[in-house]
Structure formats: structure tokens, C-alpha cells
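Multiple structures follow.
You will see chain A twice below: alongside chain B first, and alongside chain C after that.
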Partner chain A sequence: MKDFIIPDRDFGTPAAKSKAMVTLTIDGFDVTVPEGTSIMRAAAELGISVPKLCATDSLDAFGSCRLCLVEIEGRNGTPASCTTPVAPGIKVHTQNAKLKQLRRGVMELYISDHPLDCLTCAANGDCELQDMAGAVGLRDVRYEKGENHFEVRNTSGEKNPNWLPKDESNPYFAYDPAKCIVCSRCVRACEEIQGTFALTIEGRGFDSRVSFGAKTDTALTSDCVSCGACVQACPTGTLQEKSVIDIGTPDRSVITTCAYCGVGCSFKAEMRGDELVRMTPYKHGKANRGHSCVKGRFAYGYASHKDRILSPMIRDSINDPWKEVSWPEAMEFASNRMKGIIAKHGRQSVGVITSSRCTNEEAYLVQKLTRAVFQNNNTDTCARVCHSPTGYGLGQTFGTSAGTQDFDSVEQTDVVILIGANPTDGHPVFASRLKKRLRQGAKLIVIDPRRIDLVDTAHIKAAHHLPLTPGTNVAVVTAIAHVIVTEGLFDEAFIRDRCDWDEFQDYAEFVSDPRHSPEATQFLTGVKADELRAAARLYAKGGNGAIYYGLGVTEHSQGSTTVIGIANLAMLTGNIGRPGVGVNPLRGQNNVQGSCDMGSFPHELPGYRHVKNDQVREVFESLWGVKIDNEPGLRIPNMLDAAVEGTFKGLYCQGEDILQSDPDTKHVAAGLAAMDCVIVHDLFLNETANYAHVFFPGSSFLEKDGTFTNAERRINRVRKVMAPRQGYADWEVTQLFAQAMGADWHYTHPSQIMDEIAMLTPSFAGVSYERLEELGSVQWPCNEKAPEGTPLMHIDGFVRGKGKFIVTEYVATDEKTGPRFPLLLTTGRILSQYNVGAQTRRTENVVWHAEDVLEIHPHDAELRGVRDGQFVKLSSRSGETSLRAKITDRVSPGVVYTTFHHPTTQANVITTDFSDWATNCPEYKVTAVQVSPSNGPTEWQEEYAAQAEASRRILAAE
Partner chain B sequence: MSQTSTEIAARVGEILDAHEGMEGSLLPILHAIQAAYGYVPRDALPIIAKRLNLTRAEVHGVMSFYHDFREDPAGRHVLKLCRAEACQAMGGDRVAQHAQNRLGIEWHETTKDGRITLEPVFCLGLCACAPAALVDGKVVGRVDEARLDAIIEGVR
Partner chain C sequence: MSADAHEKLIYMANQISKFFESKPEAEGVAGIAAHINDFWEPRMRRHFFEVVDAGGAGLRPLVLAASAKIKRPVPETA
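Entry: the complex of A and B
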């Protein structure tokens, strides 16, 4: 859809990447552009807009609309300017009598088969067809009404066989074939940008129609993933957001950052008054480059869902109903309780959990609350349960707790290893960028117990899929290193130059041991030796090799070891420090990188500096004016253990639902129930709030200013587009609470918090809101050495000095299968739902995924008499739950798989409390289970539902 | 005769096997399936798409581009009448009208007894002998009402 709000010019065709420049003359003006640029784009550079319909700069030139014709002196005919590249010295005319006549003729034909209902069309004022009719001076359509696609009935009342009804099956956009001009922009967007190929042009000639899927499909039943790329590309009202149909066109827009996954897409929030009309991907967003997924683009309805709590609430006991109170009352109640606990049980008896969903500034304030006001280090964050091993592993080997590349790097990759990640569901916009590169010929190696979509999907086929047994990552990664070392595929020059040679030799000796060979480990890992050898050779010698990984790596008892093993692989092959290579964790949440950077972990102050370091503490102490505890505080599991023991009594939990997302639900519930004051700060009465005494209603990302840091260390601005519906932005709520606790905080804008962060944290020293306005976004480290930020890390040397090889011994998890629990459960995500689903379950996204299902191999299903779609009981040593079975060979025999998006399933009742040896990151990805047919919810599920219902009662206002 | 989807999967699978490794095999595969069934069963599309690493939208796009690929079985005989300019000039409209009346069907329809399917076609390259027709793949020239009746009788 064209951009009428901020005239964000469409140059018609993508930019050419050539370094050679070409000078030509267009309408008498000289212009110099890279070789390969289209004449249309060269003209646009001069400010001359050649009329066009089928061209847009997000798609390759197509040349079908014949509106962008130009004349070139000395050449025959009138070539299309979108498909004709520039040439040195040519003289182009974009406007003369002949061209005007031709364009009018073309336009007349278009309009002869288009309903002229502009005034009542949802795209009125936002329609390129309308604009072009104006641009070419169309004044008259000479064709008599004949066969057409837009009239339901002709004047005699006969049905028009060419007319097709609107397809409104997708919850977010409508397809009205009557308005279609068959420019193919939607089809090309689905292919080139999204890479799903769900759309086609069916038929030919006058019968050509855009079709979702095959003949009998609708938008919903086709392969469409509702990313919105087609809607974005449509020049007319044919593919239109339903929100625009309902509300009308927006009148202003604000650039902000999506609050779902760690890709951190930039969006334009398009507004009318204070109503959000639509979210559209921002073309200049450096993470997403103008693309989006169904969550970011459409699933924002939760912010105005009726379940959202808008008033603070308190209660004496978790058995009481909630009582709505004013903000001052809530603050007084909460602070009195917390003060009482501290007085009675000491300052170590309370703590906080920061949120990876909130802004950097908010996470910073929450950890500051515990460090400076409670005066302990009891802060932790949800990164504990996802990417804490990434922080540890990459910190140890490279010296920074973050990915090494930017997302643009994927455009120069030749071989991608994807381990324990499912980007088409978890990080869809990155997946589209990856798929684009794969279609250009890059090779893919997938290491995953499950056959994820990228293993075999349209136009994508992984070169190797290593379907390992859950829990054997370390053995597989070490076996790959074994092949690289023993076959002499390592990059000796790189290792000698950049790493510690002695450590390498120790490591080489370790991995060369025959017990690490793929032939020896295949019985353990289930990965065929020859396949693994081929994959190792491809990665080592296939050009630029990049590793992308996700929670399938970290959420294991040996999560940190696998991260170290991955870093070893990159160092071994010299795949670090240039575009197209690197080690890239795909972060789960929008701001998990940021919340870790902000000092959310109990042992680290902002910028990953240990609390035992006196000098670091002094810097903070002098600015904050308090003494900081020099002992690391409690991690989330420790807090819960301490609570059960009776030594931990009060918790302020911002934007995280630990009861649903943390492992071993029963233990979490027992811990929370044992506390005297649980403060939940969230948009909704989440599952954790069932055990809370105070509820602070939260503000959505649309209602506050701040910054998010995505997986590529990019600090993106979040901008307030509307006032907080419950009165305060989350950082203001934390400040009010700190003030009630006696703190002397007076921030009036998040920019002041960022200034404080910059002052205290060397890697953020150059970051300020002014800088972000200037650059759009910036990747840390951003300081005197790198004033514009750092897209690629470790270019000339590792941050820690020499890269460190660390031996990665495989130790099997204690969670083992046996006669009672013979299957291994692993967990994951689905595209349309996000994490525990608190937001996406409150949007129309439920049409794609209404409940969690258990994927089970046909062989295992048959053994147990389980039928497709039947309720099954899933039990482990920790607990049991029930859900429906889906029989599929995507999982190997012996492995079952489910998602954890729905609270009724409570998949984490099943997961155990085993965790990573270094960081306590829970082992979500491996649980020994048994599956048996069942006829409904388990006793636990019923009890839980009853407790949740009782706990969510709110007293009627008096 | 209705084909169950398992039968289709097996037979289409065999056809796909026979084309394994061929470059640009989609059209030959569609032809082979049409030759086997007389049409391209709807259930075959996802199977073809899966094997060729395409989507069913793409296969549908290709198939629907070519009018000769059928989505449904035709009658035992297919009669195509040319509707292009030269044949129209030589009385093709009249012959077409006669054919529709005689068979009691419209374009793209099959007679109730399943004997004949009537279809328009645009230029058989036989303009010199217009109006032209195509009967079960064989061209016939100078088709007037009498010859059309003979054709219809002939395929009984």
C-alpha cells in the first residue's frame, strides 16, 4: 500500500548493489546511479516519478502494467522504465505527447474493468490506481460497459459469471477480486519477500485472477501465513486490512518497534486520533527491511482486549477476591507490605523479576529498585529460562554475551547451520530473509529432533537434516568438531592469529579422541555418521558459514556447553568477524538481549559486570548514593526454593508469567503461595497473578517511550502513540513504587534513564535518544570507539583478547527414559502464538492455533492405541496433563512434541526442574514422558482451573 | 468411476517416480496424469507440489494457465469447435449454435449420457478449411450442420 502519511518515497525498483556508476540524462537532468539501476529508479533519484502500477521498490521489476513507458533517444519504441537498466550517456524522456497518449490508453483499459466506487472504497485516498488515473490525466473512458469482473449482476439482473465474492476468511484482511488489477504485486511479495508461495495467478488473459492456494482454497485454508506482505504490496483496495475497512484511513504515523520476538521489527503505528488503525512494517527498519509477520503486523488487539486490567488491585490473601483501588492506595499497600517483610525477615527476603517484554529503561529501573532500594541483588529475568547459557557461553569464549552479526549478514552467508531453532515459527521475519538467501543458493544444515518446516518446504530443501535425540546436542556438536579437526578442515591461520594456540591444541586433542567420532556417537545421538561428516565438511569448506541457534540449544542441562561448542566450531573454521558468518542466537523475546544488558541477573550490574568487582560497584554507588551488596543475589529457582523454605517473602514481578512459563509448575505455585507479598505488574491477570496480593496494571508497548534491544544488539526506539490506558507507563509505575519505598527518584522521561545507563555502562556510553533519532537505531557497543555502533563484532580480534577454546565433554542429562516414561518430550512454538499466549490468545490469531496439541509418531501412537485428534494423558515424573494428539512423522519414533501457548494445557506441569549446570536455565527441551489415551482433563487441570477462577474474582465497585 | 485418494496417491506417485530428476518436469507430469486419468484429479496437486518442492498454488497456477488440463473427467468423446475469427466468418457461430441445440448442452458441458463434451477452441490452424473442429484429437475441416450431425452420429 502506498505511503501517504510520511511520504516515504517508493523508488519503483530495488536499489542496485554495483560499485560501478553510470551517468545518464533524464528529462534534461544528469543523474549518476549504480550500474544495474532501472531507469525508473534513476528518475526517482532525480525526484521524477514515472507513473507505475506493477512496480514497487520492495519487489524486482516485472514490467506488466505498461504505464511506466519512456522514450530513449536513438532507441526504438517505448520501453518500460522499470525493466530497462540505465546505460551511460543515454537521454531519456519520461513525458511527451506520445507517452502521455499511450499512458492514458493503458489507464483507460484498466479503468474499464474497475468499479468506480472510490468514495465508498476502503482505499480511498490510499490507492495507487486512483493516483495514477490522476497522474496520467484520465478524463474519459471511451469503452462501453461490456464483460467485466466487478458487477455482481448486469442491468438485466443476470448474474455475472466473472464476478467473485470477497474472501473474508482471513481474520485480518479481505481480498476483493472485483477491485483487482492483476499487477501480481501480491503474488511476487509472497514469493520474493515472504517466501511462502501461497499465491498464484490462475487462468490467463481476461480470466487471470489472484488465487490463494489451489482452486478450492480460501485465504485461510491456503498456505498463507498472514504476514501481510501481499496487503502491503497491493496498490489498490483489493487486499485491505479489515481494520482500515472498519475505521477508515489513518492520518498520522509513529515509528516504533514490535513487542513480540527478538527480531525487533520496526513498524509504523498508523493512527487516527488515538485509535490505532494498523501497523505497517517500516521500510527503513534495519532488522526487518520492510517485512513483518502475522504477530507484529496484525496481532495487536490484545492492547484493547476486555480482559485487560486498567485499575490497580489489592487483597490481603490470595483466597480473597481482588479489590480495585486507586494508584496511591495500591502503592501504600504494596510498600507497607514490603517494608514489613524487610523489617521482619531482613533485606534479603525480597526481590524482583525484570521483564524481557518491557523496555531497557524499565528493566533498568526494576533491577535498580532491588539493588538501590531493597539493597540486595535478588533480581532475575525471564532470560534465565531462555538464553542465559548464551550469555555465559559466548561471554566465556568470545568475551561478549551477544550474537556477533546483524541480520543483514545473512545476505552474504553461504552455509547456514540451524540448531534448535524453528525460525519460520519463532522468528518469521528472519526466516523470510534466510529463505531468500537459500533460494539464491546458500546451503542449509538443520540440527533438530523434529522435521521443522525449513527442512523441506516450497523452494527450500536442507542439504542435511540431523535429527538428533533430544538432549544430545553436545555430542553432535563435538562430533562435528571431531570431523573438522581430524580431517584437517580447520582454519589454522585464523586460529593461530586470533585464538590461544595452546588451548586449541588441548581442544583438538580432546575432540580427536575416537569416542567423539560420529561413528561412535551415532548410537547415542541417533544421527547417522556419514550425514554428520558431510554436514561438517560443508560447514567447514562451503564458504561463509553462519550458525543460528535457538532455545533448542540453551534449554538443556548442558545448554552452556552447547553454546561453547558452537563458538568453538566458528573459531575452528574462521567463521567470525566478517559479514555472512558468525554465531547468532535467535533471541526469544523482544528485549531479552536488553534486559540482560541492563543488569537483570543477580550477579551482574548493567553491562555484564560482576557485583563482586569493587570498582564497578563504586561507579554505581557514587551515582545512586547507596551501598550495593557485593554478594550475588538469588536466581528465580533459588527465590522459589527459598520461599518454600520460608526465607523469601516478597516479590515484584514485572511483565512475566513465571507460573506458566517456568518449569515444574507445581513447585512454582508452592513457592508463590508461600510468599507474603507478590506484586504482579502486567497487562492481564496472568497465571502468576493467581498467587498475587497486589496487581499493578501495565501499559502496552504502544503507550510508552523507551528502547528495545533485539537479537543483533540493535537498540530500537519504542515510541508512545497513545496515552497509557491505565494512567501510567510501566517505568512510571516502578518509580511510584520506589518512591513509596522511600527512594528519591524523579525521572520525567525514559531518555533520562537512558542517559543514566549510558553514564554507567561503557558499551552504552554513546547511546542517547538524540543519537537514536539521528541514526534510527544503533547496535551496541556504541561509545567513543564506535560512535555509530557495531554491526559486526570481533572483526580484528575477540573482545576478550584471544578466542578461548573450551573442552565440551558430553554428560547425559539425569532426565532419562525408562520403562515408566519411555518417550522424550520436547517443546517449541508455533507461528501464530507467542510464548505463553497472554497476548496472542487475546487476538484473532486463535483461528490458526486454538489449543496445544501433542505431536506423536504413528508408530508410537499405534503402540498406545492413540488416534489422531484424541485426548491423551501426558505424564512425567513431575506431573500430568492432557491434550489432543496429532499423529505425524515430523517427530522421530520415541520423541513427542508440544507447544506451551495455552494455560489450560500447562505443559510445564510436565517439565522437570533439571537445569543448565552453569546458569540454571531449565531443561524444557527434554522430559521423559508416557502417553496414554484419556477422555478429558486431568485432576490437576481441573483443580488448577477452579483455583484460577476463584482467584480472579474482582469485587464489584461500591 | 471415482478414485479414492489412496489410489490417486499411489498412481500419481508412480508417475512422479518416472519423472524423477527431469528438469522442468511439471508440464510432462501433468500431461502424464491427464493421460492416465483423462483429467488431473484435485487430490494429485498437493502430491505433485510436495515432490517438486513447490506449493499447490504454484501447481494450480500452471495447470489453470493451460485450458487443456481438465479438472474433471470429460465425456467419452470430446468435440471442440473453433471460435476464432476465420471460422466465425465462415459460419462457425451457426454451426456452434446447431451443435449446442443438437446435444442439448452449453460450452464445457457433457451430454447426460456422458457421451460427448463440447468445448470451444481458439484456432486450430485450419483457417483455410473453416469452420474447423477437433474430434477426439483429430481435426476436421469445413464443418457445416450436416457434417456436424455426421460427426455426432459417428461417435455414438
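Entry: the complex of A and C
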């Protein structure tokens, strides 16, 4: 769709990557462009816009509209400038009498089959067809009304067989075939950008129609994933956001960052007044390169949902209803309670949880609150339950707690290992970039208990799928290392140069032991030895090898060990320190990386520096003017244990729903219930708020300034596009609370907080809002050595010096199947929903996923008399719940799978409190369960629902 | 402190031990001690030493060997 707000020029065809340059003349001006550039793009570089309809620079040239014709001296005819590459010395003319006439003729034909309802069309003012009619000087349509696609009935009242009704089945956009010019931009976008192939052109010639799948499909029932790429590409009002149909065109736009997953896509928030009209992916966003998914593009309605709480609330006991109060009253109540607890139980009896959904600046302030104001280190963040093992494992082996590449790196990858991640659902925009590379011929190895979409999807088939038994990651990764070492496939030169050779020798001896061979471990892991060997050889010798992984790696008893094992594989094969390789954790939440960077963990200050280091503490102490505790604080599970024990009494929890997202719900509930003051700071009365005494209403990402740091360490600006609906941005709320607790804080803008972070943290030393304005975004480390940031890490040497090989002994989890609980439950995400669903459940995204279902293999279902769609009871040693079954062979026999997006299901009632040995990251991915037919919700679910409802009562205003 | 909570700490310490048991003994001992010193809050270490001082029943031998190098928390001064 045309950009009419900030002129984001459309160059017509993608940039060519060649280093060789070509000089040509267009309309008398010389221009020098890379070889392979189209004439259209070269002209655009000169500022000459050749009229076009089917071309746009996000898609490969197609040459169908015949509007962009040009003349080249000495060549015959009038070639299309989009499909004709430049050549040295040619002389091109883009405008002359012949071309004008040809273009007008083409436009006349287009318009003869297009309704002339421009004034009432939703795309009025935002339509390339309209613009081109103007550009070519179309003044008249000479064709008489005949067969067409846009009239419902002809003048005799007969139904037009060519007319198709609007398809409004998708909740976010409409498809009006009457307005379609069949330029194929939508079809190509679905193919080239998104890689779903949901759209196609049906029929030929005059009968050609854009179609979602088969003739009987609608947008909703087709394979369409509602990423919005087709809507973005459509030059007319054919594919149009319903919000634009509803509101009208926007009049300004603000570039900001999506608040969903860790890909961190850049968006333009397009506004009219202070109403958000639509979110469109920003072409120059370096994480997404102009692409989006259904969540970021469309699922922002939660910010104005009726459930949003806009007034602070307090209550004496969690059994009371909430009472709405003013901000000062809420601050007084909360600070008095907290002060009382500290006076009675000591400064170690309170703590905070920072949010991976809030900004860096907000996370920084929350951890500062506990370290500088409460004077303890009891701070943790939801990274505890997702990527804390990444921090530990990569910190130990490489020396930094972050991924090594940028997302662009995937464009140069030859072999991808994907472990425990399902990017098409969890990180859709990265998945599209990955799929594009796979379609170009890169090979894929999937290590996952479940047959995720990428194993076999349109135009993509994984070279190897290793469907391992949940909980055996370490055994599989070590077996891969065994093959690489024993078959001599390792990169000796790299290891000698970059790693500690003695440590490598120990490691090589360890992995070479026959007990680590794929033949020895296959009975344990369920992965066939020959398949694993083939996969290992491919990764080691297939060119640039990159490993991407997700929570299927970290959320295990041996999560940290697997991360170490992955780092070992990359070092063994020399796949570190250049484009196309590396170790890439796919982060769950928008700012998981940032919240970790900001010192949210209880043992380290911002920049991953342990609190035991005197020099580090001194830097903070001198600026903050307080003494900082030199002992590590409590992690979330430890806080809950201490609460049950009676020594932890007060918690300030910003933007996280631990009751729903953390394992062993009953234990979390017991911990929260044992506290005297729980402050929940959130957009909604979330599940944790059922146990809260104070509720601070939060602001959405549209209502504040700040920064998010994505999975590639990229610091992106979040920009305020409207005023906070409840009065304050979240950083202001934290500051008000700190002030009520006696702190002397006076930040007036988040940029000042970033300046403080930069002053205290070497890897952020060069980061400032000015820098971000200048560069758009920057990847840390950003400092004197790397003033423009660091897209690739460990180029000449590891951050820690020599890369460290660490042996990875497989230790079976204690969560074992047995006669009572014979199946293994593993959990994951679905595209349309996000995390605990607090945001996405409050949008139209529920049409795709209204409830969590249990995937079960036909054999297991038959054995238990379970039918598709029927309610089943899912029970583990921790608890039981019920949900509907979905019979599918995507899971292996013995494995069942569900998502955790809906509080009524509460999958975490089932999960146990086993956790990663190093970080206490919970073992979400393995729970021994039994499944049996059931009539409906369990007693626990009913009790929970009743308790939740009672605790959400709000007293009527007096 | 309940027996339950002690049990949890014993379990956690043993889990850490199992990772370090595949390393040479001295490295393993140092590794466990450093890990617990770096990541366990004083309350947890206090309870840990309650177990150790009561004979260390349930702790794996390497954890016991490492306990000499684990910092005893100073009594809390609120």
C-alpha cells in the first residue's frame, strides 16, 4: 500500500546486491547503480518515478501491468523497466509521446473494469491505481460497458456471473474482488515475503481472480496466517484493513516497535488524532525488513479493551473487593505496607519482578527500586522461566549472555539446526525470513518432539527431523558432537586458534566415549542413529551452519547443559564469528533480552556483572548514593519458597503474570497468599492480581517512550503515539512508588534513564536516544570500540577470550513416566495467541484459537477411548485440568502437547516444580501425565474460576 | 524451616552436583561452591548449612566436599 504519510519511497524493485557498478543514462541524466538493478529502480534513484502498478520494491519484478514501459536507444520495442536490467552506457527514455500513449491505453483498459466509486472507497487517497490514472493523464474511458467484474447486476437487472461478493471472513481485513486489478502483488507477497502460499491466481485471461486457496475457501478457512503482507502489497482497496474502512485514512505516523515477541519488528503506528488507525510494518526496520505477523500488525485492540483497568485500586485483604483510589492514595497505601513489612521483617523480606514486556528503562527502574531503595537484590524477571539458561550457558562458553548474530545473517546460512523452537508460530517474521532462505536451497534440521510446520510445509521440507523424546536434548546434542569428533568433521584450525586446546582435548575424549554414540543413545532419545549421523555430517560440512533454538531447549532440568552443548557444537565446527552462522536463541517476549541486560536477575547488576564484584558495585554506589548488597538475591521460585516459609512478605510485580505463567500454580498461589503486600502493575486484572493488595494500572506500548531490545541485541525505540489512558507511563508509576518509599528520583523523560544506563554499563556506553534517532536502532555492545553497535559477535575472538568447551553429561530428569502417568506432556505456542494470552485473548485473534486443546496421537487416543473434540482430563503428579482433545500424528505416540494461552485451562496446574539445575528455569517441557475422557471442567478449575471471579470484584464508585 | 524446604535445597544442590561430577574432582568441587556462592541467596545457604551441620544426610558426596568452600552467610542485620 502506498505510503502517503512519510514518503517512504518505493523504488519498484528490490536493491541489487552486486558490487560491480554500471553507469547508464536515463532521460539525459547519468546514474551509477549495482549490476542487476532494474531500469525502474535506477530511474527511481534519480528521482524519476516510472508509472507502475504490479511492481513494488518488496517483491521481485513481475512485468505484468505493462505500465512501466520505457524506450532504450538502439533497442526494439518498449520493454518493461521493472524486468529489464541496466546495462553499461544505455540511454533510456521514460517519457515520450509513444510511451504516454501506450500507458494511457493500458490505464484505460484497467479502469474499464474497475468501479468508479473513488470518493466512497476506503482506499481513497491511498490508491496507486488512482495515482497512476492521474500520472498518465487518463481523461476518458472510451470502452462501452460490457462484461466486467465489478457490477452486481447489469442494467437489465440480471446478476453478473463475474461478480464475487466481498470476503469479510478475516476479522482484520476485507477482500473485495470487484476492485481487484489482478496485479498479483498479494499472491507474490504471500509467496515471497510470508512464504505461506495461501493465495493464488485462479483462471486465465479475463477469468483470472485472486483466490484464497480453493474456490470453496474463504480468507479465514484457507491457509492464510493473516500476516498482512498481501494487504500491505495491494495497490488498490481490494485488500483493505477493516480499521481503515471503519475509521478512514490516517494523517500521521510514528515509528515504534512491536510489543509481542522477541523478533522486535518495527512498525508505523498510523494515527488520526489520537486514534490508532492501523499498524503497518516499517520497511526500514532492521529486524523485520517490512514484514509483520498477525499479532503485531493487527492484534493491538487489547490496548483499548473494556477490561483494561484505568484507576489504581487497593484492598486490605485479598478476600475483599477492590476499591478504586487516586494515584496518591494508592502510593501511600502501597508504601506504608511495604515500609511496615521492612520494619517488621527486615529489608530482605521484600522484592520485585521486572517485566520483559516493559521497556528497558522501566525494567532498569524496577531493579533499581529494589537495589537502591529496598536495599536488597531480590529482583527477578520472567526470563527466569524462559531464557535464563541461555544467559548462563552462553555466558560460560562464549562470555556473553546473548545471541551471536543479527537476523539478516540467515540470508547467508546454508544449514540451519532448529532445536526446540517453532518459529512459524512463536517468531513468525523470523520464520518467514528463514523460509525464504530455505526455498533458496539452504538445508534444515529440526530437532523437536513434535512435527512442527517447518518439517514439511509449502515448498519446504526439512532434510532431517529428529523427533526426540522430551527431556533428552543433552543426549541428542552430545551424540551429534560424538559424530563430529569421532568422524573427524571438526574444524581443528578454528579450535586451535579460538578455543582452549586442552579443554577441547578433554571434551573430545568425553564425547568420543561409545556411550555417547547415536547407536547407544537411540533407545533413550527415540532418534534413529543413522538419521542423527546424517544430520551431524550435514551441519558440520554443509557450509555456513547456524543453530536457532527456543524454549524447548531451555525449559528443562538440563536446560543450561543443552545451551552449553549447542555452544560446543558451534565451536567444534567453527560456526561462530561470521555472517550465516552462530548460536541464536529465539527470545520469547519483546524485551526479554533487554530485561536481562538491565540487571533484572538477582545476582547481577546491569550489563551482567555479578553483585559480588566490589568495583562494579562501587560504580553504582557512587552514582546512586547507597550501599548495594554484595549477596545474590532471591529468584522467583526462591521468593515463593521464602514466602511460604514466612520470610518474604512483599512483592512489586510489573507486567508479569506469575500465577498463570509460572509452573506449579498451586505452589505459586500458596506463596502469593502468604505475602502481606502484593503490588501488581499491569494493563489488566491478571491472574496474579487475584492475590494482590494493590493494583497499579499499566500503560500500553503505544502510550510511552522507551526502548526494547530484541533477540539480536537490537535496541529499538518505542515511541509514544498517544497519552497514557490511566495517566502515567509505567516508568512514571515506578518513580512515584519509589518516591513514596523515600527515593529522591526525578526523571522527566526515559532518555535520562537511558543516559544513566549508558553511564553505568560499558556495553551500552554509546547508546543514547540521539544515537537511536540517528541510526534507527543499534545492537549492543555499542561503545567507543563499536560506535555503530555490533551486528555480529565474537568475530576475532570470544568475549571471554578463548571459547570454553564444557562437558555435557546427560542426566535424566526425575520427572519420569510410569504406570500412573504414562504419557509425556510438552507445551508450546500457537501463532495467533501470545504467552498467557492477556493481550491476544482480548483481540479478534480468538477466532483462530478460542481455547487450548490437547494434541494426542491416534494410538494413545484409541487406547483411552478419547475422541476428537471431546473433553479429556489431563492429570499429573501436581494437579489436573481438563480441555478438549485433538487427535493428530504431529505428536509421537507417548507424547501429548498443549498451549498455555487460556487461564481457564491452566496448563501450569499440571507442570511440576522441577527446574534447570543452574538457573531454576522450570521444566515446562516435560511432565508425566495421564489422559482420560471427562465430562467437563475439573473441580479445581471450577474452584479457581470462582475464586478469580470473587477476587476481581470492584466496589461501585461512591 | 520445614523438612520439605530442606528437601528442595538438597535436591537442588544434588542437581548442581550431577553437572559437575563429570569434571575432574577439584574442578567439580570448585564449580559447585562457586555456583552456590554466586546464585544462592543467604537464606538458602543458611538452610543449606542447617542440612550440612546436621550431617548432610541426602547430599551427594561432591556437594559435601564443596561445602567447605561455600560461604556461610553472615547473620542478617535488617
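Operating definition for what follows: the second predicted complex is superposed on the first by the 958 of 958 C-alpha atoms of A that agree within 3 Å, B and C clash if a C-alpha of one lies under 4 Å from a C-alpha of the other, contacts with A are read in each partner's own complex, and residues count from 1 in each chain.
As a working rule, a contact is a pair of C-beta atoms (placed from the backbone, for glycine too) under 8 Å apart; a residue touches a chain by one contact, two chains touch by 3 or more.
Nothing here was measured: the structure is a model prediction, and the numbers come from that model.
Enquirer: After the superposition on A, what does A:Gly213 contact: first (chain B), second (chain C), both or neither?
Expert: So A:Gly213 only meets chain B here.
Enquirer: Could you look at A:Pro602 and tell me whether it touches chain B, chain C, both or neither (first, second, both, neither)?
Expert: It touches chain C, and chain B stays clear.
Enquirer: With both structures superposed, pick whichever of chain B and chain C touches the larger number of chain A residues.
Expert: Residues of chain A touched, chain B against chain C: more for C.
Enquirer: Just chain B (first), just chain C (second), both, or neither: which does A:Trp917 touch?
Expert: Only chain C; A:Trp917 stays clear of chain B.
Enquirer: Considering only the touch criterion stated at the top, classify A:Ala198 as touching first (chain B), second (chain C), both, or neither.
Expert: In the superposition, A:Ala198 touches chain B alone.
Enquirer: Give one of first, second, both or neither to describe whether A:Glu35 is in contact with chain B, with chain C, with both, or with none.
Expert: A:Glu35: touches no partner chain.
Enquirer: Of the partners chain B and chain C, which touch A:Glu168 in the superposed model: first, second, both, neither?
Expert: Touch partners of A:Glu168: none, neither chain B nor chain C.
Enquirer: Answer with first, second, both or neither: which of chain B and chain C does A:Glu631 touch in the superposed model?
Expert: second
Enquirer: Would you check which partner chain A:Glu108 touches, where first means chain B only, second means chain C only, and both and neither mean what they say?
Expert: Touch status of A:Glu108: no partner.
Enquirer: Of all residues in chain A, which touch chain C in the complex?
Expert: 342, 345-348, 377-378, 510, 557-558, 560-561, 602-603, 610, 612, 631-635, 638, 641-642, 644-645, 647, 807-809, 811, 917-920
Enquirer: Mind pulling up the chain C residues that touch chain A in the complex?
Expert: 1-2, 5, 8, 12, 15-16, 18-19, 21-23, 35, 37-44, 73, 76, 78
Enquirer: Any idea which chain A residues touch chain B in the complex?
Expert: 196-204, 211-217, 222-223, 456-461
Enquirer: For chain B, which residues are in contact with chain A within the complex?
Expert: 42, 45-46, 49, 53-61, 64-65, 71
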